[in-house]
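What follows is chain A paired twice: with chain B in the first complex and chain C in the second.
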Partner chain A sequence: MNENLFNSFTTPTLMGLPIVALIIFLPNMMYPSPSRLINNRLTSLQMWLVQLILKQLMTVHNIKGRSWSLMLISLILFIGSTNLLGLLPHSFTPTSQLSLNLGMAIPLWAGTVILGLRNKMKKSLAHLLPQGTPTPLIPMLVIIETISLFIQPLALAVRLTANITAGHLLMHLTGNATSTLITLSPPTTPTIFTLLVLLTMLELTVALIQAYVFTLLVSLYLHDNT
Partner chain B sequence: MPQLDTSTWFTSIMFMILTLFIVFQLKLLKFNYYLNPMEKPVKLLKPKSPWEKKWTKIYFTPSQLPH
Partner chain C sequence: MLYINIWRKGFAKVMSDKGLLSKIYKESLAAVLWYSPSGWSCSEMLQSIIKNVWIPMKPYYIQVYWEIWVGIRLMGFIICKIRSADKKNKALKGLSPAPAHGHH
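Right after this comes the complex of A and B.
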């Protein structure tokens, strides 16, 4: 049962060919490229959404930080659409793979840190020491702040992986429980079924929220460093 | 846990980088946000007088400079 439960999280390969490439590429096909002055409804809706996200996300940054806007918008669209597509039954969610999330988190975080160190070296190093600390505590606090800095990419990746994996696992388990309980004792089935429905709604919100949180945190690190 | 099986990590990361950094961004670059057409203000289209059309610079010789 243990092996069976985690089977949906193995990277799909068909006789050695990585199909995961096609699955990662799929959300991109959901966004048609606009080719007219006034586009169809789907494209217009997506363009409006992108503009909304852009305004919400990038007004805090200065000119230097806004050069990251393409990266951040593509990040939030990728994570959001991948998470939502993963809620379909029997589908594979690429963002549940630790490899992918680490591959997204580490370069982006490292980019913001290196940007800060190159352009505003004193100010970015000054983030390592909070204001108003008593002098004897300074060495210890610098160590603590450095550790918390280095944990940021790990936390970004593991947060996304754990949230998506846990949600999917919970849905699998309650689904299995519902289908076995139908045969064993029908009166308990509505309770478990409502739980499943609530879980699905939670997962929908979690999918979107995780995308938002990831992008927001990267944007925050960027703001600190520009 | 199958997520910790590092044999597939390389392919996943490569294709993710390709999709995220290249394909998605190329698609987003095609999102053009056009400005609505605006009327040209007629008042500013005053015709220029002939001496304003040509820009001439007057040079002083060193002897002619006002002292």
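Right after this comes the complex of A and C.
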């Protein structure tokens, strides 16, 4: 049973060839690109959703920050669609792998930090010391803020990985418990099944929320550095 | 694009007429050049990618995302370091002798 529990997190292969790249590019095929002035219903719905997310994310940014709109929209759509597709039975979720999440978090965080150091060095370095700090505490607080700065990409990646992995594991365990209890103790099955349904609804919400949180944090780091 | 197609077919025909290609090589070259899936060759796909992706996104890739490319290089450096440390660790484990079983 232990082996089966973590089988869904192993990178899938087809005849010995890794097909992770295909799985990562799969959500790209679900989004039609608008090619006309007035599009069909699906494309119009997609464009409305993108505009809603853009308004939420990019209102606080200046011109320099808004040049990252395409990147942030792509990020939230990719993470959201990958998380939702991973909720399908027997599917593989790329965002449950720490390697992928670190691969997204480190370049984006480093990009924001380098942007800030390059364009507004004083303002970026000023973030290492909060306003109103007592003078004796300044050295210690600068060290603490520097450590928290370097932990930001790790936190981004581990947060997403842990949420998705934990959710999938819980669903797997609850599903196993439901299928086992059907034969052993039928009266308790409806309770466990209700729990499974509620857990699935929670995981749907978590999938979207985690995508939003990841993108919002990157947007926040960008705002601090532009 | 039309000139490229004429050139491709002409090149293959000239090479096969001059007897410079063996029969097997001629047939495999024909399969690659003429019988491409859904009528698209590699050169046409590359031209489509350049026209639809690279040209509209060029200012983003070069100017806007410059810092992200630096971040990608930093991430590549970190991956390199982790892999080399893992290889050294495995080499050291292979070199060190296995502990004896009666050892508690």
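Keep in mind that, in the parts below, the second predicted complex is superposed on the first by the 226 of 226 C-alpha atoms of A that agree within 3 Å, B and C clash if a C-alpha of one lies under 4 Å from a C-alpha of the other, contacts with A are read in each partner's own complex, and residues count from 1 in each chain.
Throughout what follows, contacts are C-beta pairs under 8 Å (C-beta built on N, C-alpha and C of every residue); 3 or more make two chains touch, one makes a residue touch a chain.
All values derive from a computational prediction rather than experimental measurement.
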With both structures placed on chain A, which of the two partners, chain B or chain C, ends up touching more residues of chain A?
B
I'd like to know which partner A:Arg118 touches here: chain B for first, chain C for second, both or neither.
second
Could you say whether A:Thr146 touches chain B, chain C, both of them, or neither, answering first, second, both or neither?
neither
Examine A:Pro34 and indicate which partner it touches, taking first as chain B and second as chain C; both and neither are also allowed.
first
Between chain B and chain C, whom does A:Ser179 touch in the aligned arrangement: first, second, both, or neither?
neither
Using the superposition on chain A described above, determine whether A:Trp68 touches chain B (first), chain C (second), both, or neither.
second
Using the superposition on chain A described above, determine whether A:Thr188 touches chain B (first), chain C (second), both, or neither.
neither
Of the two partner chains, chain B (first) and chain C (second), which one does A:Gly103 touch, if any: first, second, both, or neither?
both
Common interface positions of chain A, toward chain B and toward chain C:
70-71, 102-103
Flag every residue of chain B that touches chain A in the complex, lowest number first.
1-6, 8-9, 11-13, 15-17, 19-21, 23-25, 27-34
Parts of chain A lying in touch with chain B, wherever the complex brings them together
6-7, 9-11, 13, 18, 20-21, 24-25, 28, 31, 33-35, 37, 46-47, 50-51, 70-71, 73-75, 77-78, 94, 96-100, 102-104, 161, 165
Which chain A residues qualify as touching chain C in the complex?
67-68, 70-71, 102-103, 106-112, 114-115, 118
Which of the residues in chain C come into contact with chain A in the complex?
60, 64-65, 67-72, 74-75, 78
